Amino acid sequence: MYNFFDQLFVALGAWLVGLVVAAGNGVSKLCCGQPMSEAAAHNVAAGTQVVLICVTIYGVFALCFGLATWLERKMLARIQNRYGPNRVGPFGLLQFVADGVKMLTKEDIVPARADKLVHFLAPAIVLAPALLMFGFLPFGRNMAPTDLDTAVIAFFAVGAGSELALFMAGWGSRNKYSILGALRAVAQMISYEIPLVLAAVPVVMIVGSLSTSQIVAAQGTDSFLDVKGWFVWTPWGFAGFILFLIAATAESNRSPFDIPEGESEIIAGFHVEYSGFKFALFFMAEYLGMMAMAGLGVTLFLGGWHGPKLLPSWAWFMLKGFLIVCWLIWLRGTLPRLRVDQLMAFAWKAMLPFALFNIFATAVWFYLPKTTFLQSAVAWIITAALVVAAYLVISRFVSRRAGAPRVYRYAS
Amino acid sequence: MTTLAHFQILASLLFVIGLFGAVTRRNAIVVLLSIEIMFNAANLSLVAFWRYSPHPEQLSGVMFAIFGITIAAAEAAVGLALVIVIYRYYKSIEVDGMRSLKG
Amino acid sequence: MIQPFTTPESGYTLIPKEGAIETQTIEVSMGPHHPSTHGVFRMDVVLDGEEVKRLKPVFGYLHRNHEQLAEKMNWLGSIPFTDRLDYFCSMSNNWAYCHAVEQLAGIKVPERAEYIRVIMAELTRLINHSCLAGFLLSDAGAWGTPLLYAFREREKILDLFESVSGARMMCNYMRFGGVRADVSDDWLACARKVVENYPRFLDELEALITGNEILLARTQQVGILPRELAINASVTGPMLRASGVDYDIRKVDRYGIYDRFDFRVPLGEVGDVYDRYYVRILEMRESVKILQQALRDIPEGPFDAGVKMRNFKVPAGDGYGRIEAPKGELGFYLVSDGGTRPYRYHVRAPSFINLTILEDMCLGHKVADVIVILGSVDIVRGEVDR
Amino acid sequence: MDTAFIILSLITVAGAVWAVTLRNLIHAVLSLVLFFFGIAGFFFYLNADFVGWVQILVYVGAVAILAIFAVMLTHNLTAEDEPGFFSLRWLTGMAIAATVGAVLWFAIRSNAAMSQTAPAGVASNVADIGRKMMTDWVVPFEVVSLLLTAAMIGAIVIAMEQISHRK
Amino acid sequence: MLGNGLLQGLVVTARNFIRSYFDPERLTTVQYPEERVTLPENSRSFPFLVYDGTPDNLRCVACKICEQECPPQCIYIEVERDPKTGKPVRRPRVFDIDYSVCMQCQICAEVCPFDAIKMDQVYELAGTDRFGGMLHDKAALLKSNEYYHQIRPTEADEVDARLSQSKKKVSPPIAKPAAVPPAQPVPPKTDV
């Protein structure tokens, strides 16, 4: 019973591919007498497999994008003691459809002196990496879209493409605010890409392979409740997860790091000159980027699709991704924005040393013997001590500048 | 089928384009870009040689390419930093204008 | 150091020091439609990269000819217009105008009316300071969460105003010699309940804001206002006290019956944005103390001096009455020629004068800081442009 | 000469030519990015996945943006005074290019090994690259890391000197 | 410790998020068209004319005091003349208030010696025509005394008491400002 739901989509996919191949054979029998040759059948099957993957990724994650916007507005509203959208559809669930239609019908204004080509291409190039990133994440037991042995490097390489697109957007619209926003966006994303990659390095070191499905396999235990194997329970894993979350929020320009489109300072940063559907593309790219980063966080640290056998594996992946997205929304509802230079200083002076030290701590964990329970407990404590020590040193260094807490006297 | 010759011809064509750019253009940045193109052309032919080599397990071409990429990136960084420094003093980065070696 | 600001027509050509990279300065006008300029207010900012080199505030977008109108109106008629000066604290504006006229006309205000006036003024101070903390945070990027908590508390107090004066924000409640309507006992009971709960809201707001490292980084050592510049530019109100100058008109003039209440005046020491924010939080706690005492011992008795409102004449002469409005010293300079209309009517608006030194605080800071500094000055455009 | 090879080479050559000839520098850098993607596509075509992803990560992620920053810092967005077609400078450039091209062409044509087709089953997997990097190639690995730190420090010193001037 | 200020903030927002599901204090918005906020008795919006019994038996005697005293000058009155004798009849022929100019300051109700003009509590006055549409003429302004009792019971009773008491004294009512009775507030919804 559990396996039926668990492998539901895999079976569905196989059935569809079989259907298409059968149809292909039928067609070829009609027009050229005999069913397709073996190679042709294989090609058709592979082709439909690819098409199926693309369709599911676009379909599922476009829907998730819509629900994410609804979730964000509802959660922020509840944090701020108000209701949030509840007019369009039950509980406001069709709000994103209404937004989509509004975006489609809005007039698409291109500034006169804008650089037409760059202005036009930017939204597409921002969206492409966001969608490509999903191709490397294993969604469920043998439901990985592509099984590359260089998946993690590929994920970051594709992610690097979006900075360029942000710059093109800012530069293309030839407006003071957007140039400021573009330069800020590029500087922020570059300086947070390094802690992001370094946060992923410990996981790759321990697992010994770059392929995400092997990373997830390494975190699984075959018990009913296979939660024990996740990397986040290990000290270096927890530190890496925190680092990864902070760097992911910075990469997807959200909450404390949403400087590129700091509303209160430079209005909407690089997408100030976009309206109509192009703006919706930027909006979608931001959300998809956020969800992809959440997906990678789940794969690397929270044991991918592993979870108690109550829910099917893909449901666990979606649930954990949903929790990380909720955390990002929660941050957005609470924290003010960092200034650009503080943000850079935090990346280079706090995140980078902590990430490097985390790799050192992982090496210590890797070489400590962990055969018996006692030995692994000792190893756990040693690594935890290392990580906490590093955190305390760095936090004292960062908050040294904040100055002593102020004491306020009253007039006599 | 694509033979090794196709790749080498393509790589040399790209190399020539890069060379042409480096020689004719007056703007220092475009010269640096063309040098980047030449680097990549070389990487391409190296990997092509590895792909068509009789014993590929030595991974020679791939390792060459990886080191080539890192060196090219370092070179690009220093080169563009130099361009900025030159611009600061000569207020223009015309390649012909940089005659004097004075500091 | 506030030299007259002449903008060369050709724009700004900053001559960089030899050898420094000559970056183009961007001249950005953070225009009247900027999302966080608290109303229609423009700043022509010259940016070198992110740093502010010159900043020229541009006023006048919300000018409604208030003072000329008042000269055409009889004394009673301009009371509703004072509501629209600083539309966040209409009760304090009314009181300032009535206070000036009473000084000029020598009207004695009964006890109960004085208590009611103190209660209304302190409630307005609570509204103003809590909303400032909310606006400051949404300028710094916290997307409205503290702002909506402050508005939740403000609604309770506005309900109180509506049930006594008829309108939430445009109360038009005070008259020369007292107030327009008496306060019933269960109104006082509701007010006591709201005031009891206010410290709980303040603790929640402080837990959300005061310890926040990001906010500490964004506001400490930012937009520092030295004591001498504050005094020279005649800045008043919480901005002055945040720079350490002990000057609170409630203690200096002892107008109304403020000398009967014991409350303290908090002072900052550095004078940066964080001090301005925290001094206002402490002032709110003092206002709660005043309100508790006032609500406890408000006496019975007449609530107005029975002054005849129609063709009300003020003896000839001029006078200047001022009170400690939430934003600073709000003064009315009135000249009367004995007729039913003021001969000259001038408002000393605290926001306007606090804004003149915006450039001195913003020089050398980043674009993001300019917005936070402007937020900490706590201006309302109605009062600045009149 | 199957279709993938033709498409990729078209993209790559177009990117290279535009990068060299376009007036507007920002467009030149963007076409350079197109060229980089083309080269990465070739690496995938040649089953060298790791190199392809590293190429995208290094070039598209960093070098292209470095070039854009350089263009922005030197304020010459449209390089006007460029040699026109058939000017002396252009001709000499074309002559040099033609000779080098001819030499390479004959080298390729004369070598017999060039005409072999692609052997099947050649693929680079990351584990082998890592193992080889640490065993046979460990000396170049250390030298390159030394070179990278030197380059980083060099670039920073130049930038630092610029900042110290501005104070 | 670097992060605990941020964590405190996050705890506050989390508490608000969770409590907003069951604590009315933490969910203050009202679904406007369906639910409505109960207005306190004293709240005011635009003025209206009061009539006793039939609409042409209105209290206003067209003395034009409110027209003079109105700060934004938005009231226009014309006295009715007896067609035969040409002498003014103590009734307004035309009484217009331009709601788009009126700033709801309640001074007209305050200075009216005959308690003829009072402040209404209606606020849904959206219209399509900005110029003519908001100009309410006498017919639109007239509302019965019962309506006045309905919206402001205590105030209406005092006004009635004063009017009936002044009717016994034949002399015209002295122009004493209608002191608005002490306000009985509807306790604000948010008593915790």
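For reference, chains read A, B, C, D and E in written order, and residue numbers begin at 1 within each chain.
Operating definition for what follows: a residue touches a chain if its C-beta (ideal position, glycine included) is under 8 Å from a C-beta of that chain, and two chains touch if they have at least 3 such contacts.
Predicted, not measured: the structure shown is a model, and the values here were computed from it.
A.B. asks: Nearest chain to the global Cα centroid?
C.D. replies: A
A.B. asks: If every chain is reduced to the average of its C-alpha atoms, which one ends up farthest from chain E?
C.D. replies: That would be chain B.
A.B. asks: Between A-D and B-D, name the chain pair that shares the greater number of C-beta pairs in contact.
C.D. replies: B-D
A.B. asks: Please compute the C-alpha centroid of chain A, do the same for chain C, then give the distance between them in whole Å.
C.D. replies: 45
A.B. asks: As a quick test, compute the distance in whole Å between the mean CA positions of chain B and chain E.
C.D. replies: It comes to 81 Å between the two C-alpha centres.
A.B. asks: If you average the Cα atoms of chain A and of chain B to get two centres, how far apart are those centres in Å?
C.D. replies: 34
A.B. asks: With centres defined as the mean C-alpha position, give me the chain B-chain C separation in Å.
C.D. replies: Once rounded, the distance between the two centres reads 64 Å.
A.B. asks: Residues of chain E touching 2+ other chains?
C.D. replies: 2-3, 6, 9, 12-13, 16, 28
A.B. asks: Could you pull out the residues of chain D that touch at least 2 other chains?
C.D. replies: 50, 54, 62, 69, 73, 162
A.B. asks: Going by the touch rule set out above, which residues of chain A reach two or more other chains?
C.D. replies: In chain A, 79-82, 333-335, 399 touch at least two other chains.
A.B. asks: Can you list the residues on chain A that touch chain C in the complex?
C.D. replies: 76, 79-82, 176-177, 179-180, 256, 258-259, 262-267, 332-342, 399, 402-403, 406, 408-412
A.B. asks: Please name which positions on chain C make contact with chain A in the complex.
C.D. replies: Those residues of chain C that touch chain A are 26, 28, 34-36, 47, 50, 137-145, 148-149, 152, 208, 212-218, 220-221, 246, 248, 251, 264-270, 274-275, 278-279, 282, 366-369, 371.
A.B. asks: Could you pull out which chain E residues touch chain C in their complex?
C.D. replies: That would be residues 2-6, 8-9, 11-13, 16, 28, 39-44, 65, 69-71, 103-107, 110-111, 119, 175, 177, 179-192 of chain E.
A.B. asks: For the complex, which residues does chain E have touching chain A?
C.D. replies: 1-3, 6, 9-10, 12-14, 16-17, 20-21, 26-29, 31
A.B. asks: So in the complex, the part of chain B that touches chain D is made up of which residues?
C.D. replies: Those residues of chain B that touch chain D are 1-10, 12-21, 23-27, 29-30, 32-34, 36-37, 40, 43-44, 47-48, 50-52, 54, 56-59, 61-63, 65-67, 69-78, 80-85, 87-88, 92-94.
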